[in-house]
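Both of the next two complexes hold chain A, though its partner changes from chain B to chain C.
Coming up: the complex of A and B.
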């Protein structure tokens, strides 16, 4: 195994910080408002594998919060991001967001996020809401938790996704986020989901590398 | 919608369940189109030596990897010139004509290009598709498959539901998970439940492909189905796969004596935004041909999890029936869908199932929900356990064999209880988190997870991981059962493991009877050639189908 000196240094620093009785970042629960304004996402260049064991990487799809403003059931994507952030932050960890261009397949998006994440834990979210919590050393089409039914994913679920992702990153075995199952979601939404996905896929660029984003809520 | 004064009739119609369904118009450019799109390729073939050098208007050097695979492995080159020279309508008429035998139809259909197969289907109306299905399905006796899942992945409930489903007549059962890491326990619960309900039940655990192969090799499942293939290259590549890698996986199953089939279905490519402008049926025909080319014995199709897509466009459900028929015409087993919710309307739900139920297929449903749909982790099936008595009535009304039988409440309670106790014993023997007597009791009488408590999920997940790490196999399960007084269930599990050595159930359309006899297209081939031929219910079977317990009997009045 190759030892990455930068990673080693970072882990030592984190351990020391913990030993000194404080975590380096917000360990108190964040009371996120249910609704925020918009969100500003700015590309900072090609994303790379992180070394911070306290980060969860979130991969968003090509047109997330740009062309698409809401999930399939109309939840603003800015609120989705805020809740995922809040979930992760209430566990004392933080989120790094990347935008993926080369695929709109949430399994590969979330697996990429996990591979780039210093903690080895990643989340992937499509514009319509479909989500996955993934881990670096799992197979791409496996996962830690899968939320396949976009029409039943609400804001508390997005927050719980963030919270559980952070718990996995800390090495815990959380109880999985309770699964919502609406057998009638498909008849109502699948045709629409196909339409939305074709629109989203038209923003894909197979030759463009994932981009790191800075996120500011407005 | 009218803007002025509203018609009360239209107001009523708008509030009917069918108006909750999603209907969308065709969008030719992205392939949101059921069958016969103007952008589908035109049939053609050119052969040099024994190689196809042009197919459906494309030269060999321009083939995608899918087209190359299909051209090289899925088309009978020797018969192709003759078959391709026939008219689309002529071949369509052969499929319906009772005077043209199934073998002759197979000879022609397996020598056509994908676009030609599509043209043949476009010439058939829905009743003709059903007539052709009756003749073309591989095995004589129809069968049925169910889903056994629940939203809590509650193992005791899974075992009880599996046992009840087997008792009701499902020859195959499939589970999947709410939480992927519960997978090993789901496989175990279904193995114990299925074999308790009826010796010979085939069970599978639909999960990540490598995991499925491993639990199959260990004897915790007896077949696999969720090996997906797609009709466009980009979707295949997105899944890190090729037709060759899928063929390799298929041969891994075969080498271990495990039954398997591929899965595909109309709508998946367009759902993933990669239909490249081709119609859903055309792309599905490529999938069916990939399956044929891979040497796999069968296919699950009928749109499957994408049914909301063909279900939303014009002629979509006709295309879904056509894809089942094409599978049969390539001499493959078909597990013909009907396994996913696609409509709020009971009328549409029933109509969608008729094309498979009335002619009969190898597995009419590839997942009838053996639990209430709120517990169906395939996101709901077209029919669930609450529809069971409707299904039994329809079998009786039309004297049609849908593979299921009426059962008594006492027998169901008894078999559920036995399966729950058997799993309790296995958990205890293997040192897994205990199953309490209360859980056994709740699972025995439950309708679904709403009637059952919560387990300690993190503890169960740790134990499930241990099951995989410690290499627990079907033999360990059988030993535990035998030790704790469930010798008959233990023997059933050993019988299932012996099947891998014999290999008979690798034949097309195989299922296993209670005495261990394998029935397949080899020893029970479809012989339909018009009225008075083909599958006919035995007298005993008809008596069973007739005997719905809630019918009033003349002698009792």
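Coming up: the complex of A and C.
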């Protein structure tokens, strides 16, 4: 098994620096347009429960596409958003994006998205790529489709996640998105994933309500 | 006083009836049931027999392994009948050159009809203004790029009338175009789309199907075809019927053919000699020939064909199991049912499927006698209990079935099992007429599996046995009859939005079948049961009824494992009501339902000996 000690050190140092000096960064980066690699996310205020049956709500984590620019395997988060949007649009629906601050747990993020969604279907994506498709009547930890191994999720999978979410919203029964299973993903990425999670969690703000975002690709 | 165990070894299950016999008084203690191990009548049955008997002993208050408590075991003289089932596809659609794309992407883009010349996407920027073109777009191009290129070409005056895409981008591209054009997407083998050819793309509005490209005369109009050429285009039009989107490309040599696969001939030997029937002619022709040859002596398949292979396989299995010479194994009955088999179109460019016709065949083999004595000796040695081989199975089944309240001789028994459908008729004087026919539960499984494209026989069995529902929300389902049911606890998330099987105890088993709805599965299931069980019931009764007249039978008791099915017994009851027959599912000893008839009969006959 190969662990890159330099990479690990670098990440540890970065996380420590963040923990020491940057605890308030989550709440300072409000309302200012965030431009990361081809996508502009602007906060429009507190998100509310939607009534449009044609929408799928996508919840992104506190530092998605701000501090984090790529998933754990280096896929630009702008492309991730674009593919999820495309998957939903191809089925004739549209996406509403909210940013969750009070948690970095993808189960609760996606469940919140589902509860706010007019169709009852929500998607949650963490910055490192871990994703869930959720339905509002289900319990938070019992979801429609779970994509737990962030290192094996590629862009076609993100497109398929969008497509399947839209199909659930239409009341169809899609075949679950096929995903790879990499037994080496755990030993190779678990440490990194834990660090990324800690870093993401440092941007949490338990007192801040979910914010609605407007998204424009460029 | 003696404890007697009647044990019936069937094709699928081994059933036990345990009773205390005092003089002429019989008290039934318990019953046991267990899957039959191996083919019935062979020494492999031992372990299934032990577990079935053990279960009955345990229920009666003995220990599971306390075989010594039994004084006599009575085995049935199992009817030496073994069934086998196979599928033959008899047609095949072949596209010899890419002339049509008739697949059904779930989300094509735009709507309307576009006619033009196919070009590659890269050549779009070089197209001259005024040209009518249809670009074929590979999946390497991003939808935004494709849309902007098409928009640019339109602006230059190039008449882009439609588009064909490899990836699922139809709606995405359409949403980014200034005007509406039809776009067919998910064409997986886009490299096989011929370029520089005249082409027509049609996308129907949601909920409608293509009209132009499904009509040979419209295709002739679009491509200026001669009457002879129009004749050749008919298979194309036929293949596109019912699709929401379609592409037809005119190539100089292309054609779509429906080919008949030489499935082989069946030779049926009866009292009047040999008759030949071709499997391609379908179930009805085969069945008519079988009836014409009745009583059938033997059936052979044409050597070197699929059906020939099937017949030899059955003979070989039987000969291996029983030690009888292969030449002495006789196939005595055959049931053919027409089916539709989804098959991939050979040479198609978008993974198109076409429903080809096929024939499911079930055969029944009758040997001289199964080595029951050998099995009885082995059981006796193994368990240390005296073993008797009881009377003929059909005789025992009638004795058992007559314990159903409301029956009296003359009565007919329909024993619908897994491997064969048996019928027997008892006259008032106690004489019995009996027959064994091919085709029962296993054949229904085969038909369900092939029509729905399922690989697993266990899943097919599950579909056969359980009603369907659709999970509409986390708390309610719509059952196949349209009724809605609510649950207090949330339904398992894996079943959400899916078609599921409603098992006993409200357990839901979601089906992972793509694009197959409740109605389709239900009609397939019911059709299979109708074709096998109802047809066979009438066929069987015709053979045992006095004067071969079904109307002369008054009472029919349906027993056997397949009678437990939630709808088979009702279907048969319904069909027989037309002949004025009282027919219904048996209720052995008023408690056992349609099961345990033979085992019960074996115990009863021990007293009358």
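The definition used in the following text is that the second predicted complex is superposed on the first by the 181 of 218 C-alpha atoms of A that agree within 3 Å, B and C clash if a C-alpha of one lies under 4 Å from a C-alpha of the other, contacts with A are read in each partner's own complex, and residues count from 1 in each chain.
Rule of thumb we're sticking to: a contact is a pair of C-beta atoms (placed from the backbone, for glycine too) under 8 Å apart; a residue touches a chain by one contact, two chains touch by 3 or more.
Since this is a predicted model, take the numbers as computed values, not measurements.
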| item | value |
| --- | --- |
| Touched partner set for A:52, first chain B, second chain C, both or neither | neither |
| Chain B versus chain C as contact partner of A:139, first or second or both or neither | both |
| Which superposed partner A:200 touches (first chain B, second chain C, both, neither) | first |
| In the superposition, chain B vs chain C on chain A residues touched | B |
| Partner chain(s) touched by A:149 [first = chain B, second = chain C, both, neither] | first |
| Touched partner set for A:171, first chain B, second chain C, both or neither | second |
| Which of chain B and chain C A:92 touches, first, second, both or neither | second |
| Chain B versus chain C as contact partner of A:163, first or second or both or neither | second |
| Which superposed partner A:190 touches (first chain B, second chain C, both, neither) | first |
| Chain B versus chain C as contact partner of A:212, first or second or both or neither | neither |
| Common interface residues of chain A - those touching chain B in one complex and chain C in the other | 139, 142-144, 173-176 |
| Footprint of chain A on chain C - complex, ascending | 107, 143, 168-172, 175, 470, 472-475, 490, 492-493, 496-499, 512, 514 |
| Complex contacts: residues of chain A adjacent to chain B | 103-105, 108, 139-146, 148-149, 173-176, 179, 181-195, 197-198, 200-202, 204 |
| Contacting residues of chain A [partner chain C, same complex] | 86, 89-92, 135, 137-139, 142-144, 159, 163, 168, 171-176 |
| Chain A-facing residues of chain B, complex | 20-24, 27, 30, 32, 151, 178-181, 207-211, 238-240, 267, 270-274, 306-309, 311-313, 340-344, 373-377, 379-381, 384, 457-458, 461-462 |
